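One chain, subunit A, appears in both complexes that follow, with subunit B as partner in the first and subunit C in the second.
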Partner chain A sequence: MMTNQGNRVTQGQFSFLPDLTDAQITAQIKYALGRGWALSVEYTDDPHPRNTYWEMFGNPMFDLKDPAGILMEVNNCRKTYPNHYIRVIAFSAVRGVESVTMSYIVNRPKKEPGFGLVRQEIGGRMIRYSIHSYATDKPEGERY
Partner chain B sequence: MGIAPGLLVGTVRFFQLLEITMASETMKEGKERYKSGVIPYKKMGYWEPDYKIKETDVLAMFRMTPQAGVDPEECAAAVAGESSTATWTVVWTDRLTACEMYRAKAYRVDLVPNTGPGTKTEAQYFAYIAYDIDLFEGNSIANLTASIIGNVFGMKAVKALRLEDMRIPVAYLKTFQGPATGVVVERERMDKFGRPLLGATTKPKLGLSGRNYGRVVYEALKGGLDFMKDDENINSQSFMHWRDRFLYCMDAVNKASAATGEVKGHYMNVTAGTVEEMIERAEFAKSLGSIIIMIDLVIGYSAIQSMAIWARKNDMILHLHRAGNSTYSRQKNHGMSFRVICKWMRMAGVDHIHAGTVVGKLEGDPLMIRGYYDTLLDTHTPVQLEKGIFFEQDWASLNKCMPVASGGIHAGQMHQLLTYLGDDVVLQFGGGTIGHPDGIQAGAIANRTALEVMIMARNEGRDIWNEGPQILADAAKWCGPLKAGLETWKDVSFNYESTDSPDFVPTTTASV
Partner chain C sequence: MNDTNNSDSTTVLADDAPVNLEAEFEASNVKEVLDKLDRELIGLKPVKTRIREIAALLLVDRLRKQFALTSETPTLHMNFTGNPGTGKTTVALRMAEILHRLGYVREGHLVSVTRDDLVGQYIGHTAPKTKEVIKKAMGGVLFIDEAYYLYKPENERDYGAESIEILLQVMENNRDDLVVILAGYKDRMDKFFHSNPGMRSRIAHHIDFPDYSADELLHIAKLMLATQNYRFSPDAEKAFFEYITLRMKLAHFANARSVRNALDRARLRQANRLFANASKALSKTDLMTIEAEDILASRVFIEGKLDSEPESGQ
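Entry: the complex of A and B
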């Protein structure tokens, strides 16, 4: 079990807040669309802090401008992967950014086992550190 | 170089005889012009009101307070002369060079609004000067500054002089590396988007042992901050040598990262007496897996450029503390504006720079600070006199530099901070984290919760400027640490008048 605030992975913009309602998710989607950003839904069963590439639940929705339609994709992903981490990502294609502009978690496993810190003592007082996802002790697809 | 003896007297007489004319008074090239002796700078070719600015020129704008009786145009010409080729007397060796090109040209002088006769302030002038790009060595802040802020600031003809703004041409910008990492890549590496980053400086600044110091780092990062930071004067003193600090802090960083599932960092201050020593410390930080190191402005421009090149080569984010800047940037009549430091530091290649908070304990007029932030973050900056920006600046795809807001800020100001400073900023709550009544973790939780709740509200379209206090109070109902933090700091504010504010008349022509 994780021992930090909320006993949860705190990646993303809103992990310190109570889980987002559909209305709250929709409001954030509207904010992104209002800025011309494309939205995308991604999921994973390995929330390691440096696991950049979560699985894409389809390509970014460049041409979908209807918040309700995007929320439907979010909910389809939640139905398909009810026990995975799911995040909504926004992309800006504006020169000078051309990167992610929003990222927030909208679904989590019921139990979040968290991470262990593996210390490898080497020369002198030096230590090499590895962060280990407990979830990855089980094979992919069988983790939660 | 010095000022021509008798120049003041000569100028006074000259001024009495003639009305101010906006025409060039440059003497013709030839024998007369180069006769041994002293002639006014204006006649030597340093005042060219009809000069046509080239796209490749470096432009500088100075605020001058001429000595009593000195004609402002002559004064501007003297500044142009002393910051380029002139010396106090005529030299024939000019004729061996393409001297007209090497002369900087003062091309415009405006009386600063609300100064001069009938006001409380003696007359000040904005002097605009153009420098040919060939006056400067590429990729060298040291060379650029040796001209622009070299001898000229000690010249007797000016009572006071301040460098207000510069336009760096694209051709010259392209010779600089720019920020080693930049805002976009920093966010990608940190996996943090759509909100300001949160940090804190470990306190007390002095006296903690490595073990005690790391405790503060761990608590704050586990609580929810993204970064912790060494202070500017934490280097390698008797109470804590640098290797001890680095070793304990990296244990804290990694442990907090495992506890939260987030990428975290601690700015390891590698400032030392020599560049070689700084590189050694930076290499050690890298070998421990640190993602960020830190230097102080006082190490000097060339050392900063060296560290930026090292940082780019070693996947390291480079934080700059602006230690020392207020000795020359704070007073309005002399020194230089901090926005010029921002410009030079973005060129020099740092990824973070302390640029003011507006609401905290350190100096800062809101619009001036916005001007600093724009200078660090824009891809293209238009003229904005109200922010103190006198030149248009194309940033030529140089990376963006992340501004850092640090000094006397707390969770209760979150709506103000977000409104004034926007998303691309590191908000550093040192005392506002470590001084929390329920402990450091609670302090960090309060800050992170306040930030997230305010971002959510803003994105939902709420008027956070007015509703901010209520939004925080509502969140405090379910977040105990936020409630305790708000109660502790509810009455803390630093409302002093700024010493540095923009001078402009909204109706004057804004663009040149």
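Entry: the complex of A and C
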């Protein structure tokens, strides 16, 4: 995180870039739809970079032809959770793939406090390091 | 006309710049769809005229845009009324294609639904269901058949009202994203609009589909046969005209759909007849021709009853 100026959580695609505009998000959705992937919207307020299990916002969206429907759900989610992390994921059902093929953040809390380094002393003067989000000291739903 | 007829170009033309409606018409390729509509759909004069009018309106709107004369998308939601089998679904499909060619919908697909696809079974089920359908239709046309079933005034706890409310919102706020076409029988649609004035005010085009005359139905029959590489013998054609005249007076007459079903049965009888004389060598013409006896065997002639009714005496 030291190399990641501004404490921005980096997870998934494009997360080192400035926030995507709606036009850019639409273009990415269009790409995924063109490949026949199902899209869904997810949110969380637990920003650990390795927290891959986020909450689903509504159902995954199958058989859509146009990005407008998905952007509508993104905006609904933003309205409901304006201060959460929100991402769009694309799922490929192709046999043998059957997994998430795209994932990118489309909404962030206004202020991301970042992470602290935690040292744990263990036997033999060894030290274990982990990172800890300042935000998660507060209970779920009150973090941002 | 040069390449300024690109509808999403943002450059505004000078006030005195000439534009060419003819060229715009050619460029949109919409002529092809309209001609196909004329060729493949028999009759339906008022419907075809209305569709041409709408196409003209949209074309002029596109030209006006080049002078920055309009900013708002015209309302394109429509209401098709008419009896069963008068071609409402068929025309809705064509409408999606026309709107796509003119650039008023992005993808041009048709999502066809009825009450069951929109309205849920329990509290909290309807909104996600309706929204899912709407999302699927975005970029294209949402076709709601027998729309009046959405509204059941005798049951105040009916979830249909919730679905209507979501539809109303989307019809207003997402006019760029989808076009909604409602369809149903005239009197019941009128009643539906009477109790849902919000729906009525959001629909710009009301198109009425007339019943077909016997002549038109015969024409439709010949067209349907031709697409399947069949044809009537001269006697069969006369017999079929008679059949239509009789059939029109019976119950459950569904215009072109009844014709389609009658032809399916005639093909069955033709196959049976050919099979019965299996010893005889068959020519290509034999395989293609529907004879009068294939049609006269219908119970509509013999008992004045539908072929689908149970046998008499049962």
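Going forward, the second predicted complex is superposed on the first by the 137 of 144 C-alpha atoms of A that agree within 3 Å, B and C clash if a C-alpha of one lies under 4 Å from a C-alpha of the other, contacts with A are read in each partner's own complex, and residues count from 1 in each chain.
Quick note on the criterion: contacts are C-beta pairs under 8 Å (C-beta built on N, C-alpha and C of every residue); 3 or more make two chains touch, one makes a residue touch a chain.
Computed from a prediction, not measured in an experiment: that's the story for all the values here.
Colleague: After aligning the two structures on subunit A, examine subunit B and subunit C and state clash or fit.
Modeller: Subunit B and subunit C fit side by side in the superposed model.
Colleague: May I ask you to decide whether A:F14 touches subunit B, subunit C, both, or neither, giving the answer as first, second, both or neither?
Modeller: So A:F14 only meets subunit B here.
Colleague: Have a look at where A:D45 lands relative to subunit B and subunit C in the superposition and call it first, second, both or neither.
Modeller: In the superposition, A:D45 touches no partner, neither subunit B nor subunit C.
Colleague: With the two complexes superposed on chain A, say which partner A:N59 touches: subunit B (first), subunit C (second), both, or neither.
Modeller: second
Colleague: First (subunit B), second (subunit C), both or neither: which does A:A68 touch?
Modeller: After superposing on A, A:A68 lies in contact with subunit C but is clear of subunit B.
Colleague: On the overlay, how many Å separate the closest CA atoms of subunit B and subunit C?
Modeller: Across the overlay, subunit B reaches subunit C at a minimum of 17 Å between C-alpha atoms.
Colleague: Which parts of subunit A are in contact with subunit B and also with subunit C?
Modeller: In subunit A, nothing is touched by subunit B and also by subunit C.
Colleague: Please give the residue numbers of subunit A that touch subunit B in the complex, ascending.
Modeller: Contact set of subunit A toward subunit B: 2-5, 9-11, 13-18, 24, 27-28, 31, 47-50, 52, 89-90, 95-104, 114-117, 125-129, 131-132.
Colleague: Going by the contact rule at the top, pick out the subunit C residues touching subunit A in the complex.
Modeller: Residue list for subunit C touching subunit A: 106-107, 109, 128, 131-132, 134-136, 138-140, 174, 176-178.
Colleague: So in the complex, the part of subunit B that touches subunit A is made up of which residues?
Modeller: 184, 187-188, 191-195, 222-224, 243, 247, 250-251, 254-255, 257-263, 287-289, 379, 400, 441, 445, 448-449, 452-453, 455-456, 459-461, 478-479
Colleague: Applying the document's contact rule, which stretches of subunit A touch subunit C when the two form their complex?
Modeller: So the residues of subunit A touching subunit C come out as 58-59, 61, 63-66, 68-70, 72-73.
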